[in-house]
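Structures for review follow.
The two complexes that follow have chain A in common; it is paired with chain B in the first and with chain C in the second.
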Partner chain A sequence: MRNRLAGLFWSLVFLAVPVLGVAVFAVAPSIDVWLPKDVSAHGKDIDSLFYFILALTGIVFIATEMLLFWFVWKYDEAARGDQKATYIQGSHTLEVIWTIIPAVLLLFLAIYQMNAWADMKMRRPVMKPTVEVVARQFEWRLRYPGPDGDLGTPDDLFLVNDLHVPVDEDILVQLKSMDVLHSFFLPNLRVKQDAVPGMKIPVWFKASEVGQYDLVCAELCGWGHYKMKGRITIESREDFDAWLEAKYREQEATQAEPLQEDL
Partner chain B sequence: MSTVTHHGPGDTTTVAPARSAQPRPVAEFLSTYVFSKDHKVIGLQFLFSTLVWFLIGGLLALAVRWQVAWPWSDVPVLGKLFAQEGGQMSPEFYTMLFTMHATVMIFLVIIPILAGAFGNFLIPLMIGADDMAFPTLNMLSYWFMWPAFFAFGASFFVEGGAASSGWTSYPPLTTNLGASPGSGMGQTLWLIGLTFVGVSSMLGSVNYMTTIIVMRAPGMTMFRLPMTIWAMFITALLQAFALPVLTAAGFMQLFDRTIGTGFFSPEGSIINNQMTGAGGGQPLLWQHLFWFYSHPAVYIMILPAMGMVSDIMTCFARKPLFGYRPMVYSVAGIAGLGFIVWGHHMFISGMNPALGMTFMVSTMMIALPSAVKTFNWLGTLWGGRIQFTTAMLFAISFVSMFIIGGLSGIFMAATPVDIFIHDTYFIVAHFHYVLFAGTAMGVWAAIYFWFPKMFGRTMNEFWGKVHFFLTFIFLNGTFFTMHILGAVGFPRRLADAYHYETFHHLQPMNAFMTYCAIGMVACQAIFAINFFWSMFYGPKAGRNPWNANGLEWTAPSPPGHGNFDIQPIVYRGPYEYSVPGCEKDHLMQTDPPLEHAVAAAH
Partner chain C sequence: MNRHSFFVCESLQRVMQNASPALACTLLLCGLLMSATGCGKTPAASFRPNMVEAAKQRLTPDQEAQVATILEAMFGTPDDPVALPETGLDVSKLRLAAGPVHSDIVGRKNGLFREHCSHCHGVTGDGMGPTAAFLNPYPRDYRPGWFKFKSTERADKPTHADLVTILNNGINGTSMPSFALLGEAKVDALVEYVKYLSMRGEAELSLMRYYFELDDEDEGKLPETREFLVEEILLPVAERWQEAEDAIIDVPEMPEVDLQESIALGKELFYGNKANCVKCHGVTGLGDGQANDYDDWNKVVKQWSDEVLSAHDASTSEMSREEKAEHRAWLARSDKALAGDALDPRTIQPRNLRQAIYRGGRRPLDLYYRIHAGINGAPMPAAAGTLTPDEIWHIVNYVRSLPYEYDGELGADRSMVARDRL
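== the complex of A and B ==
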C-alpha cells in the first residue's frame, strides 16, 4: 500500500492555494497595496463593483479550491484501501444546476453594471470641453480655452503635463493624440481612456476632493513610455480661476508663440 | 492494416528511402530524423524546438523582471552581452524585452508546443491511425517554423533591435518607422516571422482536421474520442477560421511600413517631429483585426491543455471523466463564443462604448463553459482513487490555477472595473494564470505522462515531484501578487514606475516577485536534467506504464513506423476505469465488450 503521507502532503499544498490566496487579499489593504484613494464622484461605482465581484469570485474560489483539496485529501489511493473508484459518468442534474446558477449570476452581473458603464462612457455631460489634452511622445499637451471660453481660438492657454481642474464640477476633457496611441490614466479618479490619433474622444469625470495626483500614460507609446508623466491638481473654483489667470498672464508676458501644429 | 483507415499519401512518402544496393547513411539519417514525414518525429522536433524557445522566453522574462524590480541597476550576464550604457538596461531595450518575451512565448512556445508537438504526436496514436493524412504537409508545417525562428532570432541583432511595440503590435507605433527604435527592421522581421508561424499553424490545422475526420480506427466514433483529440480538433477549426484574418492584417501592416499604404495611419500625425504620410487609415482597425485572431488564439493556447489534463486526470483518478458530453459541448461553446468576444480587449480603446457593452455580455457568457469544465474536473476527482504521480500533480494544479485565472477574468469582463484595471498588472496576473499556471502546467503534465510513449522510458518521479513543488510555489509567488499590484493600478510595460507617487512604494513587492521568478526559472534545470537523463537512462517503460485506456498505450513504446502492430479496433469510450464487475480496474478502448470476454473465458 502506498504511503498515506504523500497524499496528505500534496493535499496540504493544494490547501495552501485558497488559504494563502485569501490571506494575500486580506493583508493587501493594510500594507497599502490596494486600490488607491478614490477622489472622484463615479469612482464609488467602480470600486463597489470591484468589491462585489471580489466577494462573488472569492466565494467561488474558496468553495472550489476547498472542494479540490477535500477530494485530493479524501480520495487518495492510500486512503481508499481495497475500494475501487466510483464508476460514475456524470450527472445530468448536476450539469443543469452548475450551468444555470453561474449563467444567472453572470447575466445578473452583466446587466447590473450596464448603468455604471453608460454613466462613465456614454452619457456625456452637455457642455463645452474644460480642457483639450493632446498626447504626444512623451508628454501631455494641455490647451485651456482662454477668456472667451472656446477652444481653438487665438486666446487659448497652452501648458504641458500640469493639469488643473476645479473640484465638484463636471469636467469634460477632449482627448487627442498627435502621434501614436497613448492612454490617459488618472488612477485616483478611476479614469482611463486611450488617446487615438485621428480621433477626438470625450472623457468626463467629477473630482470630489482637492489634492494633487498622478497622470499616467497606460498604453505603450515608445521607448519613453515610462516617463510620460503628468500631474493633476484638483482645487477649488477660486484657486482654479486664479491659477488659470496667472498662467494666462504668464503666457501673454512671454509672448509665447502659438504651437506650430493647428490641432 | 484494415481497409477502414485510408492509406493516405502517407504510405508512399514515409521513412522508406529507396533501399538501394549501397547504403546511404547520410540520406537515411536525414530522412529519418531531419526531414521526416513521420508524425512522431515531427512532434518531437516541435517539442525540442519549442522547449529551447521556452528557455529563451524565460530568460527574457527574467530580464524584464530584473528591470521592474531594480530599475536601471546593472543587469547580470545580459548586461554585458547587450551593453549599452555600462551594464544597465536602456528603456528601449526594456520595451524590446517584454515584446519579445510575449512573442516568443505565444508564437514559438505555447501554440507550437500544444498543436505542433502534442497534436502531432498524439492525434494519430490516439485515434488509431498509422500517420497523419498529409505527411508531407506535416513535415512542411515544422520546416515553416524555421524561417520564423530565424526572423525572430535575427531581429535581436538588427539596427534598433527587435520589435518593441508589444506583442499586440499596435499601430501607429509599429507602422511609423521613426516612432521607436524597434519599429525599424526589427518590426519588419517580426511581421515576417509571424506570417511563417501562421503558415505553419495553418498547414498543421488542415492536417489535424482531415486526420481526425477520416482516419479514425474502426469503431472510433466521434463520441469515443478522448478529450485531447476533441480539443485538438476544435483548436484546429479555430486556427483555420481565425488565422487568415491575422495573416491579412499582418500583410496590411507590412505594406503600411514598406510601401506606404496607410491602412492603419490617420492623416495629419506628427511623429518624431515629422509629418506622417498620406493617412486615411484607422489605428483601431488593426486592433479589431488583430484581436479577431488573437482572442480565439487565447483558446488555441488553452483548449488542448484542457483536453490533455482531462485524460491525465481520469487515468490517475481511475475514474471515468465526469460529464464527457458536457465537456465536449463546453469546448465547442468556448470555441464558438470565442469568435464574438474580441472587443473586450478594446473596452477603453476608443471603440464605440455601446459596442463595448455587447462585447461585455458575450464575455460574461464565455465564463460559463469554463465554469462547467471546472466543475466536471472536480466531479472527476470526486470518488476517485487518486495516484499522486508527477503528471497527476501537474494536472490537478492546472485545475487549481485555472480557477484563479478564470475568476480574475470576470473582473476585466466587467467594463467599469476594466476602466481601472486595464493595462495594469491585474491583466498580467490573469493571463499568466491561464497561460503559465494553466497551459504550461498542463504541458508539463503531458510531458511526464506521454514521455514513456515518446522515448520508451519513464522520467524520474522523485525529481519530477521536486520540480512540480518548486515550480508551483514559485509561480504563485510570482504571479499571485500581481493581482494586488494591479489593484493599485500598477501599469504594465513601464521601464520604471517608481517615480509616480501612486506606485513608488511597490518596489519591495516587485523585488519579491523577481526573486520568485528567478527561482521558477532556476528550478527548470531539474526538469531539463530529468528529461535528458531519463531519455537515455530512465527505467524502461512497457507499452502501458500507467494502465491507461487510450489507443496510444496499445502501441509499442516508442511506436515504430506505422504505430500499431495490428490495426486497433475500438469497442468503447476512452474512460472505462473501475468498471463494476470487471476484474481489471481499466478497460482499454480495444478491449472487446465484457460479455465476449466472459464468453471467451468459458
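== the complex of A and C ==
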C-alpha cells in the first residue's frame, strides 16, 4: 500500500493549488495587497473589467484544477491494480466543445471591453495638452504650457518628477521619451501607457479626488528603473493655479531667495 | 570549499542516492545557488587610491601605503567615515549616507550614497562607478574639488545650498536625475557626504603632491604629526568649503529696460568682441563653435596620457640598465593607471543654446551666475571682469530668447520650436 500513499500525496498537492490560490485572493484585500485606491473617473470601468475577467478565469481555473485532482485521484495506478487503460482515438465532440466555449468567451470579452478601450485610447478630449511628460533614464521631466496654453513658448514651466493636476477636469498628457522605452504608470488613476522614443503619445484621464499618489515607470528601462519614481498631486483648480504661479515665479527668479521647500 | 558548502554537498549526495534524477538535479541547483549567494562573503568596501596621480608623482609603493594610512586615519573608510572637527562636517549626516544599504535600529535607511550615487560616481566619488563609462558627459569626479554649477565665484567651492539644488533638480542634459522626492533630510545627508568625499579626494591629491616638496632628511616620508596633517593638508581644503557659504555672488537687479531692447543689446554683445560668446557657442548659438577643447577633468587625463605616450617614444639609449628598468616599470604602471583608473578623455561640447536645456538651472539668476563666474572646470570663462552687471543681464535675456527665436526675431507669432499639435 506504500504506493497508494504516493497517489494520495500527489492528488492532495494538486488539490492544494486551487485551494491556496482561492485563499490568497480571498485574503489579499484584507491585508492591503489588492488594487490601489481608485481616484479616477474611468477607473470603475477598468476595475469592473478586471473583476469580470478574474471571475471568469477563476471559475475556469478552479474547474481545471479540480479535474486534475480528480484524475490523479481516480486513476491512481496502485488503487486500480492491473486494470488496463482504454485506448481511444479522441472525441470529436469534446474537442469541438472545448474549442468553441473559450472562443465564444474570448470573442465576448473582445467586444465587451471595446467601449472601455475606446474611452481610454481613442476618445481623446478636444483640448491642448495640460502638461508634457518626457520620460528619461531615470526621471520624469515635465513641461507645463504656461498661461498661453501652448508648449514651446517662453512662458513654459519646467519641472521634474513632481506632477500636479487639477481635480475633476480632463487632463491631457503629451507623453514622450528621451532615450529608451518607459511606461507612464499612475496606479491610482488606472493609467498605464508606454513612452516610446520618437513618438508623441496622448494620454488622458480625469481625477476624481484630491491627494498625492505615485507616478512610476512600468517598463524595465535600465538599472535605475526601480527608482524612476515621481509623484502626482491632485488638487483643486485654485490650488493648482497657485502652485503653477509659484513655480513659475521660482523659475523666473532674478534674485536669490530663501529656498521655498514645498515638497 | 568551506564547511558549509561541504555539508550541502554531502547531504545532496545522500539525497541523490534515494531520489529520482530530476529531483536530485533541482536540489543540486538550489544547493549551488545557496552556496554561491549565501555563503560567499562580500569584502568590505574600500576607497580606491588615485592611481593616476600616484603614477604621475612617481610615488614608491611605500609612499602609496603611507598616503592610504594617513587618509584612513583622517577620513576613515567607506563603511566607517571619520570627520575631524576641522572639516566642519556633520558626522551623523555622513553616517546616514555612508556604508552599505541597510536600515538602522530605528528603521531609518542608511547607505544612501551607495544606493543612489555610487553606480555612477563610484564609492570613492571618483566618477568611475560601474555605469560611468556609458555616460556622456562622464559623472563628476569629486576628488579635484571642482564644481561647475554654483552661486559663488569660479574658483570658490559651491555652497551647501548649491549642491542641494543640484540634487533636487538633477542636471538636465546629463544623466544626473532629480532626487527631490528623497526628502530634505536625505538630500542634506548626501550633500554632506559629497563634500566629505571631495575633501578626502583633495587631501589625497595634496598628500601625493607633497612628497615632491620633501627635503632629503625626510627620507621620502611625510611627517605624520597631527599639526602637519591638519595645518598643511586638511585646513586649506576645509576652510575653502566653509568660506563658500558667505561668498555668494552679489547679483544686482536686472536693469529696467524694455525686454526687446535688452535682448537686442545682449545679441550685440553675444556676437561682439567684448563678450565673444560666438567663439564657442557658434554663430547660430547651436554650440557649434570651437569644439576641440577639454574640460579640466578630461584635460588632466589627456595631457598626462600624451606625456606617457611621448615617454614611450623617448630614446632610452643614454640610460643605464637600472634607469631603463625603472623607466619601463613606470611606463607599465602609467599605462595601467590610464587604462584602469581613468576614462577615455572626451572633448567638451559648448552648450547648444537653442534647446532650452540649461544644466546649471534655467532661472535668469542661474544664467547670471554662469556668465558672471564662468563654469569652473570648463572652458567657459568668467565675464565679471570684462562685462558690467547690466551687460551680463542683457546677455542673459538674449540667451533666454534663443530657444524661441524665429527668423532672427523674438516676439514673432511663431516659435522656432515645432508647435505641438493635436
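Going forward, the second predicted complex is superposed on the first by the 245 of 263 C-alpha atoms of A that agree within 3 Å, B and C clash if a C-alpha of one lies under 4 Å from a C-alpha of the other, contacts with A are read in each partner's own complex, and residues count from 1 in each chain.
Here is the rule we go by: a residue touches a chain if its C-beta (ideal position, glycine included) is under 8 Å from a C-beta of that chain, and two chains touch if they have at least 3 such contacts.
Bear in mind the structure is a predicted one, so any value in this text is a computation, not a measurement.
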- What is the contact status of A:K227 with respect to chain B (first) and chain C (second): first, second, both, or neither? both
- Look at the residues of chain A and decide whether chain B or chain C touches more of them. B
- Message: So in the superposed three-chain picture, is A:Q174 touching just chain B, just chain C, both, or none of them (first/second/both/neither)?
- Response: second
- With the two structures laid over each other on chain A, which partner does A:Q251 touch: chain B (first), chain C (second), both, or neither? second
- In the superposed arrangement, which partner chain does A:K206 touch: chain B (first), chain C (second), both, or neither? neither
- Item | Touching partner for A:H164 - first (chain B), second (chain C), both, neither | neither
- Could you tell me if A:Q137 is touching chain B, chain C, both of them or neither one (first, second, both, neither)? both
- Task: Starting from the residues of chain A touching chain B, keep only those that also touch chain C in the other complex, and list them.
- Result: 136-137, 223-224, 227, 229, 261
- In the complex of these two chains, what residues of chain C are touching chain A? 116, 119, 131, 151, 161, 164-165, 169-170, 172, 175, 177-178, 180-181, 183-184, 248, 251, 253-254, 356, 362-365, 368, 400-401, 403-404, 415, 417-420, 422
- Query: Can you list the residues on chain A that touch chain B in the complex?
  - Reply: 2, 6-7, 10, 13-14, 17, 20-21, 24-25, 28, 32-36, 45-46, 49-50, 53-54, 56-57, 60-61, 64-65, 67-68, 71-72, 75-77, 80, 83-91, 94-95, 98-99, 102-103, 106-107, 109-110, 113-114, 116-118, 120-122, 136-137, 178-181, 183, 185, 187-188, 190-199, 201, 213-214, 216, 218-227, 229, 261
- Message: For a test of understanding, state which residues of chain A touch chain C in their complex under the given definition.
- Response: 124, 126-129, 132, 136-139, 141, 150-154, 156, 158, 160-162, 174, 200, 202, 223-224, 227-231, 250-256, 259, 261, 263
- Residues on chain B engaged by chain A in the complex (per definition of touch): 90-92, 95, 164-166, 170-173, 176, 179-181, 265-272, 279, 282-284, 317-326, 348-350, 353-354, 356-357, 360-361, 364-365, 367-368, 371-372, 374-376, 378-379, 381-388, 393, 396-397, 399-400, 403-404, 407-408, 410-411, 414-417, 419-420, 422-424, 469, 472, 476, 480-481, 483-485, 487-489, 491, 493-497, 499-503, 505-506, 509, 575, 577-580, 585
